[in-house]
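Below: one structure, written as structure tokens.
First chain written, first letter: the chains are A, B, C and D, and each begins at residue 1.
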Amino acid sequence: MTDLSRFDVTRYAAAAQSIIDAGRLLYGQGWSPATSSNYSARIDAEHLAITVSGRHKGRLRQEDVMVVDLDGNPVQSHCRSSAETLLHTVVYRQLPTVGAVLHTHSVKATVLSRLIPAGQALTLQGYELQKAFPGYDSHDCSLDIPVFDNTQEIPALAAETEAWLARNPGQPGYLIRGHGLYTWGDTMDDCLRHVEAFEFLLECELEMMRVLR
Amino acid sequence: MTDLSRFDVTRYAAAAQSIIDAGRLLYGQGWSPATSSNYSARIDAEHLAITVSGRHKGRLRQEDVMVVDLDGNPVQSHCRSSAETLLHTVVYRQLPTVGAVLHTHSVKATVLSRLIPAGQALTLQGYELQKAFPGYDSHDCSLDIPVFDNTQEIPALAAETEAWLARNPGQPGYLIRGHGLYTWGDTMDDCLRHVEAFEFLLECELEMMRVLR
Amino acid sequence: MTDLSRFDVTRYAAAAQSIIDAGRLLYGQGWSPATSSNYSARIDAEHLAITVSGRHKGRLRQEDVMVVDLDGNPVQSHCRSSAETLLHTVVYRQLPTVGAVLHTHSVKATVLSRLIPAGQALTLQGYELQKAFPGYDSHDCSLDIPVFDNTQEIPALAAETEAWLARNPGQPGYLIRGHGLYTWGDTMDDCLRHVEAFEFLLECELEMMRVLR
Amino acid sequence: MTDLSRFDVTRYAAAAQSIIDAGRLLYGQGWSPATSSNYSARIDAEHLAITVSGRHKGRLRQEDVMVVDLDGNPVQSHCRSSAETLLHTVVYRQLPTVGAVLHTHSVKATVLSRLIPAGQALTLQGYELQKAFPGYDSHDCSLDIPVFDNTQEIPALAAETEAWLARNPGQPGYLIRGHGLYTWGDTMDDCLRHVEAFEFLLECELEMMRVLR
């Protein structure tokens, strides 16, 4: 029986570096302002590296990235991980190939998620850039992005997203109302591509609303 | 009895450097154009470092930051401090833990403050990012940001803000109509986080207006 | 009889470098997000350098640029060129002086191309910047930019654009609905100037729509 | 009698450098895209340095800046100066203290100047940032920015602006419809401050229109 509290430190360091680099990019775009957002990367089947709560995302250092297990418990760390850690662990548990999860916090995601009526998804169709997501090979595909109501009760929201993921294992992300975007990918590069694609598509949708409403 | 005209020069230099660095960030974001804005940082219980009037905020040097006492009088300096110095000293006098005050001048703050009817506050609610302000621990909190009418009579405006602060010591900032934002924090990093959070929230509100009006 | 599979490797390297540099600029502007877009530069009368499918446009390296002939077949390469290679080769075949073709993917081009009614062109008039295109020497000229419907059937779209180019050899570019911009120029610098001019003019048109609709 | 064709070469070099640096800033802001715009700086009472026609404004070099006299004739140069040279010389002739003239070409200036009805000025009032212009010491001042109709007949437009300047020597700039902004200052730094202030105010006005129309 293996000791679940053990992980490869070199893999932790690499995962942490990928998070640090992602933070610099995402903060630079204005998608993680004011210490918002949280990021994670898988270390192995039982562990992930994740940002410590409340850190400036544009200048993360290794000490700002800690390790938690797939239940969200800190491993070899006295730090407190992001309040939304369970929203990350749900994704890694449900989707074994996922290597990175990014939660961002842009103006577009915040506003658009508030403009969509409660209970309704954001439907994307007719955009060539939908092809940035695996399994979507045409602009004609319809992509439904759910919008969960925001709450400070993270375990309850984690359970909601878990049920949704179980029914929709092929979808690339979701929104939380007035809060932001969650997306994931097999590698950190894939995940960053998904953030870019989502931000692009959200801006397109908002721009359409500006003109057409 | 201590000599009130004396301050620790090393603490001045550190405060000035925090102002210089803040200016580079804020100008880079477009929030302090055309020599607008003014910034300060506390040196001690009686002194603060503050920008000299009319300097380019993106390339401040130590010589662009002077010292004033809590009444706004220059200390060991022949320079003229910002015309709005009294709006800074009011905050330091009312809130002893405050270490930095930033006044910025963005398009969003300018326009939004003009779109809000006279006598009405900007009410923020439902945004996860409200949690960037101390004491606001849920998106459900309601945050009322007052909008003071602009005036070139700074002492009168200073008295208005002083009375408001006395009644609302826990609030993180206010707007001046057609002019900009004042916000503060215990450290310069806290204060910069508040600027980022405000700019984000103001942009969200303006974006909602673009679509919904 | 010359061997058509042969090209000057130094000219390939220079063409590839111009593509790498263009990618850094265009990605930096947000016009080629999430591995979208594709770029090419002419090597000689029979060959062009073109981006390999699916690469990150902001950090292209020589290995991300391959060679195809004017029918779109790979030359000395086991890589797969962009899915839209035929949209590039059509331009080089029709316009012998063209040295570079850039396909970009901005929010403005995507949204504006969706807002224009099917079958209608985008008509630009009254903009001084129209003079950035060769042959347009006054803001009074009228410039009709066609909007082709998007499709995953690239050979069909290539045939459509070929027919349009044959009738309109002096026009500087076209849009694909929900997808992006194609433009070209005698040199890469000319082509980048055309991208900048188009993005500017598309943003102007969209801004007019925001206010006037 | 002095030889009017002679100027101090060191002063030319300094003026050219100020133009090069201004170009890097203005292009970086997106206010001089696609080789648009032209810039000048005074060398002495009879000469000015001005950009050569058609150059990329973000990477100007000394060879992209030439000398003309106050009638717009090239001095010691075989290059062709900007087509709009006469719009610069008019300002230097009318306003002897002016040391720099910048013509920029932003989306905001282009769109706003088209949205303002023919024959009407853009009236700015209630903005604290109006104080960035000399002689405007309150947000309550009213600042009327004329909008000249665009034309390719530069001598005619130069005469129009000359007559306007003679009547309004204290005003900081004007717009040309669908084309851009002209502004000036005693030094290049003053002039850059005016560009920043104008761009800010134009964006505010456009933002107000987006929400209120």
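Observations on the model:
Simple rule for what comes next: a residue touches a chain if its C-beta (ideal position, glycine included) is under 8 Å from a C-beta of that chain, and two chains touch if they have at least 3 such contacts.
Every value quoted in this text rests on a predicted model; they were computed, and no experiment measured them.
The minimum number of touch steps separating chain A from chain C is 1.
Between chain B and chain D, two chains of identical sequence, the interface residue sets overlap only in part, with shared numbers making up under half of the total. Ranked by distance of CA centroids from chain C, the top chain is B.
In whole angstrom, the spacing between the mean C-alpha positions of chain B and chain C is 46. Look at where the CA atoms of chain C average out and do the same for chain D: the two points lie 33 Å apart. Multi-chain contact residues of chain C (touching two or more other chains): 210.
If each chain is drawn as a node and touching chains are joined, the picture is one closed loop, every chain linked to exactly two others.
Contact between chains, as defined at the top, is found for A-B, A-C, B-D, C-D. Those residues of chain A whose C-beta lies close enough to touch chain B in the complex are 33-36, 56, 105, 107-108, 110-111, 114-115, 150, 152, 176-180, 206, 209-210, 213. Residues of chain A touching chain C in their complex: 126-129, 132, 137-140, 189, 193-194, 196-197, 199-200, 203-204, 207-208, 210-212.
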